[in-house]
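Just dropping this structure here.
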Amino acid sequence: MATSLPDRGKGKYIEGKVKKMDKLIKEITLAFKGVKETTIEADKLIINAKKDDVLDILNFFKERGYDHLSLISCVDWIESGQFELIYILSSYSEQNGKKHIILKTKIPRKNPKFKTVIQIFENAEPYEREIHELFGINFEGHPRLTHLFLERNYKIPPFRKDFNTREYVKEFFEKIPFVEDKK
Amino acid sequence: MDRTSIKKWFKAPDKMGQKYSLWVVYFCTGCGIIEVPPVITSRWDAERFGVIPVATPRQANLFLITGYVSLKTLKAIIRTYEQMPEPKYTVGFGSCPINGGMYWDSYNTIKHLDKYIPVDGWIAGCMPRPEAIFIAVTHLWTMIDKGMAKGYIKYRENYKYYRQNQERLFGKLEWPPLYPIEERENT
Amino acid sequence: MKEKSQVKRTSFLTPFKAIKYLFEKPVTLRYPFEQKEPSSRYRGFHLNDWDKCTGCGNCADICPNEAITMVEIPEIKPKPGEKNERPQIDYGRCCFCGLCVDICPPGSLRLSRDYFHIHFDKNTFTLLAKDEKKDKEHFLPEEKYSIFQASLTHRKKNNEGFTSDLNYSLFEPERVPMPQVPPEKRKLSFIEQVLGYSDEEAKKEALRCLECKLCEDACPAHLKISDYIKAIYEGRPDESLRKIFEDNPIPAICGRICMAHCEKVCSLGKRGEPVAIRWLKRYASDTIKDYEKTLKLKPAKLTGKKIAVIGAGPSGLTVAYFLRLKGHKVTVFDSLPGGGGMMRIGPPLYRLPIESIDKDVNYIASLGVEFKFNTTVGKDILFEDIYKEYDAIYLGIGTTVSRSTRVKNSDKAYPALLFLRENKIGKRVKVGREIIVIGGGNVAMDVAREALRLQHIQYPGEKVITKIVCLEDWDIMPATKEEIEDAKEEGIEFTPGWGPKEIKVEDGKVKGLLCIKVKSVFDEQGRFNPTFYEDKKMFLKGDMIIEAIGQAPDFSFIPKELFDRLEFTPRRKVKVDENGKTSLPKVFAGGDIVNLNLDAVTAIADGKRAAEGIDLYLKEELKNVSRE
Amino acid sequence: MKTERELELYFGPQHLGMVGNFSITLQVEGDKIVKAFANPGYLHRGFEKLMEYRTWIQNFPMVCRINVIEPDSMEMVYAMAVEKLAGIEVPERANYIRTIVLELSRLASHLFGCWAYANMLGFDTVAQWAMYHRDLLLDLFEELTGGRVYHIYIWPGGVRRDIPKGFKDKVLNTLHTIGSCIPDYDAAFFNNRLFYKRAKNIGKITKEQAKRLGATGPILRATGLKHDIRKIDPYAMYDKIDFEVPTREDGDAYSRIWVVRDEMIQSVHIIMQCFEKMPEGEVFNRIPNPFKWKIPKGETYVRVESSRGELGLYLVSNGEDKPYRVHFRTPSYPHGLIILEKLLEKASIADVGNIMISLYVVAPEIDR
């Protein structure tokens, strides 16, 4: 917490947790090569993985009790020409509940596709569907990659950085005339 | 409130009937709907004004467009509006239908509701308070009295243009035109 | 609670308990007969006090929905440093968040407790926010106010809802305090009083700027203030200095003694303290040790034109700098042994050390400007010669002669400029133990504070007194508040509101000053014309009197036939056109002999204008020559 | 896939049984549902895209509008993320006020849920009570923040204004008014045999299923799992406050509404404790000038327990004055899009509204 809790006992309680995370880090770096991890806070772990390893790493964490997929997100890094997929895992169990794992992987921006993770986490389905719709990433093996939110088809999926919504509004909505003006 | 005007009842019973029984379509179009439950329940009690929510548009004659309208909702709104029997009135509730409001730069909400369906009155605010709904209703009464709430007639007369605007948003609409378009043009 | 989870087999009659509510008072608010007052913090429609509003446009900048546009109101005559723009609010966009209220520096924008606007016409939803003083249409007295009017009406009284509060504002009303030498210490010597911001403090101070740019309009030289402050915030003092040098080549001087017209209009200063623009400029110039390396400015190719600048004061230096950058050959003449002009002798050392002046002057010299110091025009070199030799001449001679009070025995008093000059140029004046300074301007403050320091140096440990006598009372004293405060802190005694009548002399020595009470300083037209109560007299004891009541220029070096052709304005200033050109051919002028502000930054502005004018003049001359 | 006897039925968005602007496509056989497809997007405004175009402070009026029923937890989660990235401290008093506001809004939100559920099942009297009581809470919010629905009160660095004079008494009075009606609520609704018959074994979900499908909040707690972010990852002042996490075992609509009921009672306890413990002092650490405010590079995921479950925010800053990417993990998202579809399978058409409202799906949260 960034909020002020001076006597929360930062010493003992969190230290113990850090140790546990250390064990986890060791395990994962042993199991998967090319995994880069950073700890942003005592109980938040960021893992940068290669895209081929993602499913295995998700399985790996699921086996170790991180059974709650909070969120799948996507970031458009337009300058480096990559999409970054983010899987945020946490646990339903009480002792691990405070911890998060942010698993990140990068895929090329051109013709983007990735494997679906529905077989591991069932609730990934709408998240992947949303990312497909808003970023245009294809998830192979997903049962229904149809429209979720949108009514229209956009040339560029709207959440990509090169889609400028203000310009779009000017081009599209503003040009529709008022009925009074038409007469 | 002009309760005393019994004369009016004899003069224009239809207007009086429309005025004092404004039935609202039960359709949560946007976030403004959050103030409708308080209005229709005991604290504010809209029934004192003859306003009650009804299940289907076929029974309703007032359409409260509560808040922002996304493209997908607009389609539903148009269909609902066209199902309502005449005379029918629409009130834009909150900033968003007037000029885009918070979502003035959103790619998925429309900025001016009156480009697509006629609107008889507007309520400012984000959120407007429950009182504002009552005031809007009383305003609508006077407008009906004076014959100013003619949105539905406007829709009928300019249906071609409204339909054009709607089709610019959605492409070809899947339902047939409510009014024959060609004939209107000739008269 | 777990037990409850098993459903209790209650009687099927239990729900009928609710029937008891039939006999209670209904909770329904019988609106509109019964009304609920909105809370005292309600965020309703906007109110704007047009008298307080400065037109800074911060509300329009922060609005997330672009609901606010600044509209020019021609009827409003803006006060200096304000704009005649007022916010117009589109209620088809507004989300009533109140960000505009929290950012409003003068606190003129508020939200009212009224919230009805229902209309069939969409165009009525855009309007200028006003308050009951300006808007007669929408503000109704309590008895007339009715919800049925429902069209942006407000009650006349008690209509304020969400208002601005300095404790919770989005801007920081307090300035980062400038580290200073305490008065007990600083009055003993000439060390610089203000220490200057550290990097951290400068960044913190620069962060306060809201970028409304009112200051840029108010600055006579139109410095790009918000840009250079932003650069400081971003940790790039070099960029900041570059921005400053676009308009002002003497930041080290200006950063110390500028009159800071910008700070007077700073929107943050309306309720809090203005951004310390001057100190930030000083920070930029002090942090960069070597201007040359940072700025990397190269003068343009030589044009072959020669320009003489008479006087190395702020305006002279500015002209020299800009013309040199344009490729002209510039020679600066000054009678003092160094650059800076009045800056060199006027401001005492604790305000403006000689090193800072030399830093700026040396940089200008390094660009290739030739300086001829210790050269008094008219004595060491004749004006006629310069007039013949150079293609253009700039007069930046300033005001160099002290005015006298012309009371009896006023010849025994010390003129302020002489006092200051002799102090600066080595010869320390032998001061008395009780000094009376006549005058209430900044020069008088400088003189008094300098005299106090001299007293402390010359009579260490003894009791010494310095008094200031001036015509003006506290509220109209021309010196800046800051200066007065500093002087008071150091122990200088003030007797405002008294005019000098006679200097008492015994055996050729000054004994004191006889004063009379001032009735009024200005006449009805606002001109300086003091009147006195002749019967109210007061005698101040003192063994040294310094007159600091103003200065006048000295044109004696200009030959008579040329001087006669020089035109003056009614207020005895040299008349110049919009290019800074005087009535004499190829002679330009600026600085204190032209403007009425009599300060450095206006002199810089004049210099900038004259530099442009001279350049234009030379180019046109070139064209004429080629045409011939 | 569709047999001849099957029929496609559109449920919503304009439907009396639908709360919020949401729609479900039902494949029915007789009155049994074979398969249900949630059809969201009627309220999609592209919030996360719009926020990328606004500065950090301009986003504050924006975030609360994602969820109209409980805007404060939205403000809280955004404020927390911004504070974490920018390293802003919050005064202790402000944290207590935040806790009070969050619990009040949880109460308001749960009462809204009760209204919706009671209304749906035809318990109109209870619905009227719940809405009236919620309105009393909105009056408190108006007093505190200046807005009935959208409060824009929780800011980075604290709260926007200190609590007004006499606010504590008003809150306690209101809570007393509501609390004294609990026996009536119980008699007329929660312990009502009709309600039991109507809600028991409807929309049943097991603990394992709930975990697998990503359920959180009352839905998860109704299956017996004691999972509450206020306890396991405390924020604001929840670690200094004593409260219980109510759970039920059965995982059906009846358990869910009971969890909600018990939670409301806990909320009242929390508010009382906060008022007791609240110290005097500052409530606002001034944030930097909004026109120059840049937040250093970084990313974070923060979460709070909203009235419907885990509300998370994944926030990425690339060192500019605007966020680079914002993604809200809203609790209704898995509830409305996966669990609802699963629970509607083999249910009857008459139960659609029943199940949906017991899952407490708020459409704007899903669409964003």
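Think of it as A, B, C and D in the order they're written, each chain with its own count starting at 1.
Heads up, the rule we're going with is that a residue touches a chain if its C-beta (ideal position, glycine included) is under 8 Å from a C-beta of that chain, and two chains touch if they have at least 3 such contacts.
As the structure is a computational prediction, the values presented were derived from the model and not from experiment.
Note on interfaces A-B and C-D: more C-beta pairs are in contact across C-D. Mean C-alpha position of chain C lies 53 Å from that of chain D.
We define each chain's centre as the mean of its Cα atoms; on that basis chain A and chain B are separated by 41 Å. If each chain is reduced to the centroid of its CA atoms, chain A and chain D end up 22 Å from each other. Annotation for chain D: residues 41, 44, 46, 49-50, 53, 61-62, 65, 132, 147, 150, 367 touch two or more other chains. Residue positions 42-44, 70, 72, 102, 104-108, 114, 126, 129 of chain B each touch two or more of the other chains. Shown for chain C are the residues in touch with two or more other chains, namely 27, 36, 38, 64, 95-96. You'll find the chains touch as A-B, A-D, B-C, B-D, C-D. Note for the complex: chain D touches chain A at residues 40-41, 44, 46, 48-50, 53, 80, 83-84, 87-92, 95, 211-214, 220, 225-227, 229, 232-236, 239, 298-301, 303, 310, 312, 314, 316, 324-325, 327, 329, 333-334, 337-338, 367.
Across the interface of their complex, chain C is touched by residues 42-45, 48, 95, 98-102, 104, 114, 120-126, 128-132, 134-136, 138-139, 143, 148-149 of chain B. Chain B makes touch with chain A in their complex at residues 70-72, 75, 104-108, 110-112, 114-115, 118, 154, 158, 161-162, 164-165, 168-170. On chain B, the positions that touch chain D within their shared complex are 25-31, 33-35, 37-38, 41-44, 55-57, 68, 70, 72-73, 76, 80, 102-103, 105-109, 126-127, 129.
Across the complex, chain C meets chain B through its residues 26-32, 35-36, 38, 45, 64-66, 90-96, 115-120, 122, 125, 147-148, 150.
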